[in-house]
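Below you'll find a set of structures to go through.
What follows is a pair of complexes built around subunit A, which joins subunit B in one and subunit C in the other.
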Partner chain A sequence: MAQNKKPKLAVWKFASCDGCQLSLLDCEDELLEVAGAVEIANFMEASGAVVKGPYDLSLVEGSITTPHDAERIHQIRRASRFLVTIGACATAGGIQALRNFSDVKKFTSIVYATPAYIETLSKSTPISEHIPVDFELRGCPISKQQLLEVVSAFLNHRKPNTPAHSVCIECKLRGNVCVMVANGTPCLGPVTHAGCGALCPTYDRGCYGCFGPMESPNTKSLSEGWSRLGAKEGDLVRAFRSFNAYADPFRKESEAHEK
Partner chain B sequence: MTDRLHDQEYILDRDHLQDLLDTLRNSGRRVIGPVLRDGAIVYDDLASVKNLPIGRTDIQERGLYRVMHREDQALFGYNVGPHSWKKFLSPPRTRLWQGDRSSGMVQISNEPPETQKMAFIGVRSCELHAIAIQDRVFIQSEFTSPPYQARREQTFIVAVNCGQAGGTCFCMSMKTGPQATRGFDLALTEVIENGRHYFVVEVGTEAGMTVFEQLPHTVAGEAQKSAAESAVAAATAQMHRQMDTSDIKDLLYRNYRNPRWDDVASRCLACANCTMVCPTCFCSTVEDTTNLKGDHAERWQRWDSCFTMDLSYIHGGSVRASTRSRYRQWMTHKLATWIDQFGTSGCVGCGRCISWCPVGIDITEEVRAIRKSEESFLPPTEGHHGDT
Partner chain C sequence: MKSRTIKVDYLARVEGEGALFVKIRGDKVEDVKLKIFEPPRFFEAFLRGRRYSEAPDITARICGICPIAYQMSAVHAMEDAFGIKVEGPLRDLRRLIYCGEWIESHVLHIYMLHAPDFLGVPDAIHLAREHPQIVQRGLQLKKAGNEIVTLLGGREIHPINVRVGGFYRVPTRSELAPLLERLKWARDAAIETVRWVARFPFPEFEPDYTFVSLRHPGEYPFNEGRLVSNRGLDISVREYDDHFTEEHVEHSNALHSVLKPRTPYFVGPLARYNLNFDRLSPVAQEEARAAGLADGCLNPFQSIIVRSVETVQACDEAVRLIERYERPAEPSVPVHPQAARGYACTEAPRGTLYHRYRIDESGTIREAKIVPPTSQNQKTIEQDLWQFIPQHLEESHDKLRWQCEQAIRNYDPCISCATHFLKLDLDRE
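Coming up: the complex of A and B.
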């Protein structure tokens, strides 16, 4: 890579809570290093100063929920050489994809004083349903270490280390005792994508599936395991229907347990 | 036939077990043994006999593990838990080297050789066999792992004979226990009877003798030896799980296309727990990392599993894309191709893969099902190709 010109980094926001892009600011110790390695060209959360595109690396947060955003994402794609979606909203539609299982008009009529002003799509969808995406980084929120890993891999022209295997492997690497086997705690770890470092099981809780489905999730078998531990159909619907509700394997599993 | 220094057996009183730990520590060893943590008996640093799982045992079944109270104050009255000694001999993550670039030159620094001596307390017979299997993989095969070899050669092993069988144990079938017969420096059998609590000790090596000589001890009498034998016999009698290993290599080779693989794949989570807890599974991957500036790189080795897609990823795809092919690969390697590759089975019958499978898949049951299916199912005779 030519060292005289730093690659331009842009951060874009769609329907989201901002938590994922905040993990870039949360890098603290490494933030100066990031600023040294890239030109932060568009990052409204950090600075109002905007450098014109095109951009070498775009980080896209949030899901597509409005007709306007469905247009805007195409402009961003055109202005970006390498586009990475970050977080459960951008990769799976996010918690707001719960609308996909219902009628969004029912919500707008309750929440807003003048629902007629609200122009929204019937579904919240991941970025990859609208444009080609070069890389997806999972998590609700993403792990800042993994974000740095992706940026570092991009800058150094290598593959990022973000394994798609289960959270169970992360538990075992840490020496954790399996909460499901040793305590009967229902856990989504066996069907969930690694990346959090097995945060919840480390604190004796079952995995909530924040990183979405792992590479080959057998959700049906895990649901049967949960049932043996006493989980009811409604528990299974709620377990699979959270931050990654609209990710295909989780969506199908929650629908299978809905009356 | 027990592989030990001589026929003499000794008595070490329960109250002098701390002396053994102290002696090992004073000789510069990191003392590691069973401790109770997070609802399981795991292997970790062991400061004192007081930290052993005193008066505890465990119940284990398919996909189930619970620690329970015992009626006595046994120190080793439990069976193997979620950890195995590979955690220390072949750690989950190890840095292999790091490199720095400055003014166009790359400087590689290798990791310094491992110098920390270790002592393992409470190694079971199946685990001695597992360590011997990993020795074959990492030391006695075509390529050696110098870090493993260094750790291994500096490890002092205090074995403990099992006085009970766990719910998922099947070492009898694999001929790996419950009596420790080789690969130990000292082997203890815990005896609690008539108000006495002591260990019958066998010495396996000169290093074992050097340590043991420093401890207060007596020579074991016939009654004490026979009490130790009864303890191990109790474990033997208790063990109900079995795996018929006759003809097992050919059985699995013959059944490459058995529909049972689809059945187990419908239950298998491909979560890799079985391989992580297995004391012989040795697969690892390497991860290369860089800093943002690109002037510092590191290569790390970490545990991997044949249940991940990445393990068989070559040139654009995974060779074993289906869970069926991955489960079959694991079980066939463990019980059959391992024999061709390393001269022994890769299974020691510890039962960890059964207890720690979140959905309770039982390798002994899978073997039984395949064996039984041959009665009604005639496998095709073609060889192993192309089927994932």
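Coming up: the complex of A and C.
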């Protein structure tokens, strides 16, 4: 990026709940500082002022679900030096990727008021299925501390420091008693990517996998553990099929329990 | 005849993706379309086959700005289905977490999305250059709301601690205690906010609205009450579908909701305020009167004042709830699913949010219907524009376009919410 000029930051939205971009506005203590360090060049949720590209860093929220969006993401890639996906929708297709598991017949049998008005693709796909992505930040929603870390890392040309280990490690670091061992509560912590700070076990519930699969998850072994606690096949399908259902390891594990 | 078109291809400072199209011929408005092009996400379709207990976490993902509203409507609908009553401190904690969401959501809208319209700047960052202390006050006030949600829910967005029957874990008194001083400060900051926004310039505009909101015998409404209007509607939530219906229009990926047969209506802060002024706390009433709203408020541009009054109310209520809190012995009441239908309306920051579920004997969701506030307001927003534009045709093109956008932002529309439910809730085989 040019000397003496603030780097340009852009935020883009696809199919999503807006929560991950809201994380930036939820940085109440840091927002004005961030706004001082970068030029916010495109962030429709926060401002009508739009600056033309190219952009030094683009943050992309949401999954691709319409023909128009499948085109639009290419334009954004072309205009962006670095492109980072934020959240489970952009990184794994999101909760709306549950449609990907509906067989077409059942899906089309759903009655629309006026289906011709709607334009939608049969699958919800992550950004990386369409364009090369420089970094994927996990979470449904993302952690705002990790977001600040990623923005700062890319603007300073270094690698983001976001651990790829499991929620289990975060739980141990927090000194929690294991909910699965001590209480027999089924937990996805052993196979789930870190980043939330082991929130659910800290609140006496099992992890439900909203940060998606960790680097090398042993989902099969965890499923056996769940079965020993009484989980049925249908419970396993649903557990792996939620906010990161279309992420490969979770998709395969849910399919393994479907029949 | 002179023809003009006002086009806004991508509305800024609203949640989600929408556009506006207005066609004017001479001094007549020929067409107004609030277009919602946010892609549909089909929540009602994939809720089928999920467990009743998953509804709060799944429906929260409809909206990152008001996940608590979705969680609250979901748990109350399930509890209605199973005949459960959640009372005492657990009920208070639910009100408290809702207070947190109202504060963060209202303050986001007041300071970052709406105030720039009145002050002629493109966003809160520009506003901060001229008025750093004011924007800092807004950010800290918003943070106070988020602190409630984070403490009770685990995180600001998509909190993890709400369940059917109560919570997974409830805080101790001493965990809540630090919030008390913060919220007393926040109440003062909210009062300052009312006084600040009351001085903004407001266009004269008072349509004859049909307001709809919950009304509770003793409280400003959050989670419970009857649905009432200023036109005599007074029904239980279970009767919702007898009185309201949705229409699917071509230009929008969100259904338009109407009061049968075809009356547009208005939900949200203005409706709640006009129907529940007597339920506001004394301090909120006093500030509202001082702001000139003693006789109610019909001007949607002044919704920013009402949102600020509701922020005072939420801070004041949160203080009260924390002061009287005693930790319950159990974090939730037992839940025994049964085949039943459950209904709930709660008051999301943007207005009434309706959930209806049909559950089978195993606790599996067979059918779901969700009507968010923005789809209920869509028709009223368009009507406002039909009425507002002819009175302001002498304005320059840019100013008129700006005012049209502002008129839409009066409703704090949440387009992400409104588009999740495009399909009919009927699976025909």
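We adopt the following convention: the second predicted complex is superposed on the first by the 246 of 259 C-alpha atoms of A that agree within 3 Å, B and C clash if a C-alpha of one lies under 4 Å from a C-alpha of the other, contacts with A are read in each partner's own complex, and residues count from 1 in each chain.
The criterion applied here is as follows: a residue touches a chain if its C-beta (ideal position, glycine included) is under 8 Å from a C-beta of that chain, and two chains touch if they have at least 3 such contacts.
If you're wondering where the values come from, they're calculated on a predicted model, not measured in any experiment.
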Fit or clash - subunit C, subunit B, common subunit A: fit
Which superposed partner A:Thr125 touches (first subunit B, second subunit C, both, neither): neither
Which of subunit B and subunit C A:Gln146 touches, first, second, both or neither: neither
Subunit B versus subunit C as contact partner of A:Asp204, first or second or both or neither: both
Superposed arrangement, angle subtended at the Cα centre of subunit A by subunit B and subunit C, nearest 10 degrees: 110
First (subunit B), second (subunit C), both or neither touched by A:Thr85: neither
Touching partner for A:Ser58 - first (subunit B), second (subunit C), both, neither: neither
Smallest separation of CA atoms, subunit C relative to subunit B, angstrom: 11
Common interface positions of subunit A, toward subunit B and toward subunit C: 204
Touch list for subunit A against partner subunit C, complex: 13-23, 25-26, 28-29, 31-32, 35, 40, 44-49, 65-66, 69, 94-96, 98-99, 102, 109-114, 117-118, 120, 140-141, 144, 196, 199-200, 202-205, 208, 210, 238, 242-243
Complex interface listing, subunit B residues touching subunit A: 37-40, 42, 63-67, 81-83, 87, 92-93, 266-273, 276-277, 287-294, 302-303, 305, 307-310, 323, 355-360
Subunit A-facing residues of subunit C, complex: 10-17, 38-43, 45-46, 50-51, 54, 57-58, 61-65, 67, 104, 108, 112-113, 122-126, 128, 132, 135-136, 139-140, 142-143, 146, 154-158, 160-161, 163, 167-169, 248-250, 253, 255, 331, 405, 414, 416, 422-424, 426-429
Subunit A to subunit B touching residues, read off their complex: 1, 30, 33-34, 36-37, 148-149, 151-153, 155-156, 158, 161, 163-166, 168-169, 172-178, 180-183, 187, 189-191, 204, 214-216, 218, 220-222, 224-225
